[in-house]
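Both complexes below contain chain A, partnered by chain B and then by chain C.
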Partner chain A sequence: MQTNNFKPLWRLVTLLAVFCLVIAACGNDDDNADEPPLAAQATTAATAAATANVPDQPSAPSEPTEVPSEPTPRTQEITIGAISTLDGPFAGLGDFSMHGVKLALMEYGGVLDGSGTRDGVSGASVAGVPIRLVIEGSDATPDVAVEATRKMVEQDNADIIIGPLSGDEGLALKDYIRDIPAVTLVNGTSASQDLTLRDPAPNVFRFGADGAMWAYGVGTYAYEGLGHRRIATIAEDYSYPYDQVGAVLTEFCAAGGTVTDRIWVPLGTQDYSSFIAQIPDDVDAVFFAMGGTDAINFVKQYDDFTGQAIPLIAGPTAVDQSVLTELGDRAEGMISSGPVVDDSGLANFNAFAARLDEVFDGQTPNIFNVYYYIATKSALAALEMVGGDISDGSSAFQAALTDLRWDTPIGPVYLDENRQAVVDIYLREVQDGAQVTIDTLPQVNATLGFERDSYIAKGSFSRNNPPCG
Partner chain B sequence: MARRLLGVAVAVLLAYYAVSKSVEIGDRSLLVLLNGLTAAGLYFLMASGFTLVFGLARVTNLAHGGIYLLGGYGALSVQRTTGNWFLAVMLGALFAAGVSLVLYLLLRLLKGDDLRETMLTLGATIVIADQTLATWGGIPTDLAPPSFLTGSIHLPGSPLLYPKFRLAVVALAVLAGLLLWVLLYKTRLGMLIRAGVDDADMVSVLGIRVPLVLASVFMLAGALAGIAGAAGGTYLSLAQGEDNRILLASLIVVIAGGLGSLRGAGAAAIIVGLVEAFAQTHHPVLSVLITFGSLIAILVLRPQGLIKGATHVQA
Partner chain C sequence: MYRPEHAVTNGSELRERGELGGVFSAKSGRLLANCALLLVIGAAIAATPVLVSDFVLLQIVIKSLWLGIAGSSLAFLIGQAGLISLAQTAVFGTSGYLMAILVLEHDVGIWVAVAAACIAGPVAGLIIGIISQRSSGLYLMMLTLAIGVFVFFFAQQYQPITRGHTGFNGFDAPIIKGVNLQEREPLFYVSAIAAVGVVILLRLVAQSPAGLAYRGLRDNRKRLSALGYSTAATTVSAFAVAGFSAGIGGVLAVWYNGAISPGSIDIARIIELLIVVTIGGTIRLEGAFLGALVVTLLRNYANEFTNRTSTLVGAVFMVIVLISRNGLLGIFINARTKAHKAIKLFGGQRLKAKQPYPQTNP
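== the complex of A and B ==
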């Protein structure tokens, strides 16, 4: 009797428990996207992508041969697949990035299909070859990003992937795309150092900086310019903030400063009160590295609790133009390094800003629309150099990309031997809701100016690397 | 017997740990305590509605997080138009209650098949998430607190500041708890709800229109979630993904407290809020693990939850 009564209840409890686990799994970003099964699938995908012409052909039960190196017979069309975070916590940033992609295509004769984020661009062409745009979204988790990209490669026959947006997504896509050499990934805003610095993939290109490069200069400035000697750091607990904190501490500690606490918060924390309580009273400044919602929540609560009695130094995306409006007055005077300033005066920047405002009604430049624009335009420019011909398995196209140099809206760019950009970084301050230049740091490279081999040998930045006395 | 001993042992260990850690951080422990209570307040507002709906209707309403978000965004729109926070909260709660009612009407079509009902609420969360994204955009935003709750006050006997609005959230949750108690134990509707929880068939045989009672419980739960959304949207923020986060937290609270038990929800909200706050302070990296671990510990010791709620299930 008793047991009978309990049965349906237990079913519900089980269901709830499963749901909890699913949600917990979705919220967890450090996913094991490079497990053996996935790699095996990727090889199958490569085979399918290289042999399939019919989009709907079921992925073939492939014999265990290796990837055919024969050039794919192609239609008279090149497909660009753009991926960004169109759902989940970074959904707003996904919108911005697609603006950048579309602006670049419009420079090549494209016309917007509609005003929605997922509406494509038609009519664009390079050297007479029509360009088709496919848009897919992820929710900032690596496995969803890989699935969406797999869909674009296998079903839409995408030749070039633009994206993704977030750090760990980039690392997962690198592992996936490495096995499909004819497909080229031009990174969007994924800023994990190891997308290019360690174990690079030959068909992955990054025309922007990584997280450590973005944060270049602010550690030295905090010590020398602002006179800080002791700082604490608080940042989200995954690869991209490790890189930012790592870069800041590398410089700050080399200059002679010390770090008292490194506080790591789970990505997507709502309530920062108990983390703020851990910040010691006797530090000169607090460096915080967070993105999107987290930055807004943190700054607001830090302000509520302390009135910013200890000044904040910001990570590059924490005070990006995409969140400055929502940060409001609380961000005034914050110092940071980053790739985009509003007063650079560069002709290309002003033209980009004007065009963005005109096409997307009031939008202003931020990391996401600028970087996706640069990625897409770089790909299109390299395509133009090879006459829109990628029938050789993209090798001429990838060579052209490697040699590409141009003046982007945020300064000149060229690639190093790992296909990682060398770029200008700006030291900046928030004034009246805009990012104003304190100093331009020209031609920052992936090793932040340190000797390459020894820098790489120090290992990836982590919760407690670099050490700091 | 062994289980009871184990329970006592765990409780003693936890208490010892909490006290020793509190001494270690001195006056900051008051801060962390208040942080935990603030979180508990928000969790209780969510969990009480969830547990009422479950107790009476046997519906596992996974759309409860979505309704939280809708209440918050609704309040945001009202505040942007009128500038009045209180009006915003009231209309936001009303909006959330309306959505909850619609959800109930949809659920009625399924005639009590719990798996399909749960799937329907799960589908509703996805629809709501996309609609909020389309309407209010993906950039996080928040409500401005009323002017007399803006800023911080000094905690008594300590140099530490604490935001006024967070204290107000605790007060709001206590108030909501009291009102719910009055409603459930001092009114006719409350009597019907409690009777319905115990034996819905019998209540309906007695000539009570159970669907009306159910509809009012759904609206009540929706309104509570809406208020939680407006409060959370004020001291935290409104953004995509918040719905899942708050739903997960309230599921932990409801399961730990005992499905269907209001007192259990209150007790569990306080426990989960405090465990979370202290874990985040002392073991930030393990905080998620510790929060879930305490849920597991509670369920091992008391599979029915802290306080045994509704167990009589319709055949």
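== the complex of A and C ==
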């Protein structure tokens, strides 16, 4: 405090440093070499871009793409608000999801404003009605997700919300969006069962599977295909892994198997040694359900400690393409089920993968970009069916969404009475760092093929539900 | 011995800045001035819903108010007692969770639950105070951080009570005689009245003998105990008083969000509360509200011109800390002092007592 002689100098230096930080914060990825051509593209007429994009649009053959051109193009515009986790632990996944949103809009004549995650898409239109994209981020907490969505709805007048990414955000948004019937939520990757299964909201739509559906088929395959009789489970301690473990055990125990231990680890655990030590020696396999860095840390440590003496069966996101490269050889041969495989051979999937790689250099399909793409494209297709007219409080649009059936990059989709998709799920194995199909399980529904009322009556999956030997 | 930066301010300086000036000072002039101030604040509160849009009212103003109320508990602890606590979100969460649990799990009447939550605040503060009564400075920060993180993990993992990661959704704010607090204007008025009430209450405490003891805790613990005060009891009671306003903040936050989950009290929220208080300045309680307003505005609008909102918030934080020792409030107070000097220069009447020493540091 007495060294006043040095103070002005230091203060100057520090202020300069802070100034640089502010500049860094406010610069919008100018260093990216991709941007100048993209920005230049943006100035070309949107129609030119639209015609250029038409050949790239082989998907959605079953929907009426031939909408009669509107004689009187309305001047109003429709705003789509996309929300994903752009901050916090899942920030990387948020980037993936925005790729999907933008890719769908580009099929409708949109041009990227820039290469940053928050840079929008301009020039897209449906049936002559311009579509505006606004992007907001959360940090995977429900509070922030609701605030970000409220901002899009009230400040930016968003008509359609695409997202969110994580399960509990979805439940919070369901409660929020239920009170504003004219706004439609098309879910991104929020996989909480109760977004649609129990107490659904009329303006919430999910064109993807929930967490339990993603894990469909593994329990039966482990019992019948692999001959396992006793398994242990280890999973993160929150609702989404409960759904995955619940689905696997429901099937596995119905087939006659037993579960010895259900180990729950806190989200974001770094050191799994004490949990790995709890796994009994006499089980046939270990089912693990984790995501992101948790999955990477767990598999590395499990591999180091045990050499995978007891084989691992993975949850859908634990070996999703978004973490597969990080896992490397350790994931070879792991069995899982999930919505995305790399060798489905579907024309739509291959077209999507090629387009993704072309626009966002080097990106490959994963749950997040595929699901956000499907959500956005579903919304746009339904808008097309109603001629871009949502002036009736979105009721015709929401009816069109409810009836929508189309062939997504990961197979055909249609909605049940709770506006939850019935989808194809793939039983898959990791081979050479890619997800290879063992079996395609068609038309998986929200109750995993069980009788609906009794399935719902069993209650939400939790640490101890389902009860099993 | 560790003392927070602003602890060097001495009594007469504080008196100049009005911190010691009483709400109910014996001088009738002061009383009149305070009444006028309350009237102005009342008018401002009444006018706000007319002046701002519905969105701004809810997401900027109401949010700033409850964040400011929670922040004022930390501002009180730091500014008055020199106790930098990172456990205020723990108190905030305890109250919010208690109310949500009582209403949604046990079907307790909303007002009983609110009363329980308001009592839970000081009680939680008391417990935190008892745990940390013997430490100060850096060790106090570490200890309270541990408590804050403990409560977060408790909420995250102790499923039977807290519903784990999902937390409680669908909490409906109460209805008072047909006025639904889920609507924006009523919620705003309640929040604003709570904010004014909390500030008045904390200032009354600050002026009481207990408030002087807290200041002793901040400025010189040894001398305080030499005077016969128990530093332990003083610390514990300071935490309990601060816990009251953190608890009120927790109740209002649950009304505002309609939900509470571990994400409401995680480590990011602990740091955010500290940023709020530091940006606003701890020299007066009102700084917390100023800081809350700035942080809320940045969080809502910064992403319109940057992809890196958090970096920008951090940079703004650093700029303010660098140019002003007492946050934004320090800048205003400094400007006022300079204005007084200018008046004096032009032969105006001296308004204040002599400066104890020239202020080189803003």
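Please note the rule applied: the second predicted complex is superposed on the first by the 394 of 469 C-alpha atoms of A that agree within 3 Å, B and C clash if a C-alpha of one lies under 4 Å from a C-alpha of the other, contacts with A are read in each partner's own complex, and residues count from 1 in each chain.
One rule holds for everything that comes next: a residue touches a chain if its C-beta (ideal position, glycine included) is under 8 Å from a C-beta of that chain, and two chains touch if they have at least 3 such contacts.
All values derive from a computational prediction rather than experimental measurement.
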Contacts of A:A277 with chain B and chain C, given as first, second, both or neither: first
Contacts of A:L267 with chain B and chain C, given as first, second, both or neither: second
Contacts of A:Q420 with chain B and chain C, given as first, second, both or neither: neither
Touching partner for A:N297 - first (chain B), second (chain C), both, neither: first
Partner chain in contact with A:G88 - chain B first, chain C second, else both or neither: both
First, second, both or neither for A:D237, with chain B first and chain C second: both
Touching partner for A:R150 - first (chain B), second (chain C), both, neither: second
Footprint overlap on chain A, where chain B in one structure and chain C in the other make contact: 11, 15, 24, 26, 87-88, 237, 266, 463
Interface residues, chain C side, partner chain A - complex: 54-55, 58-59, 63, 153, 156-157, 159, 164-167, 169-170, 257-259, 261, 263-264, 266, 268, 300, 303, 305-312, 314-316, 318-319, 322-323, 360
Chain B-facing residues of chain A, complex: 5-9, 11-13, 15-17, 19-20, 23-24, 26-27, 87-95, 237, 263-266, 268, 270-271, 273-275, 277-278, 292-293, 296-297, 300-301, 304-307, 322-323, 325-326, 463
Residue ranges of chain B in contact with chain A within the complex: 28, 31-32, 35-36, 38-39, 58, 60, 62, 114-115, 118, 122, 129, 133, 137-142, 151-152, 161-163, 165-166, 232, 235-237, 239-242, 244-248, 251-252, 255, 259, 276-278, 280-281, 284-285, 287-288, 292, 311-313
Residue ranges of chain A touching chain C (in the complex, touch as defined): 4, 11, 14-15, 18, 21-22, 24-26, 28-29, 87-88, 116-119, 136-137, 139-144, 146-147, 150-151, 154-155, 167-168, 171-172, 175-176, 237-239, 266-267, 462-463
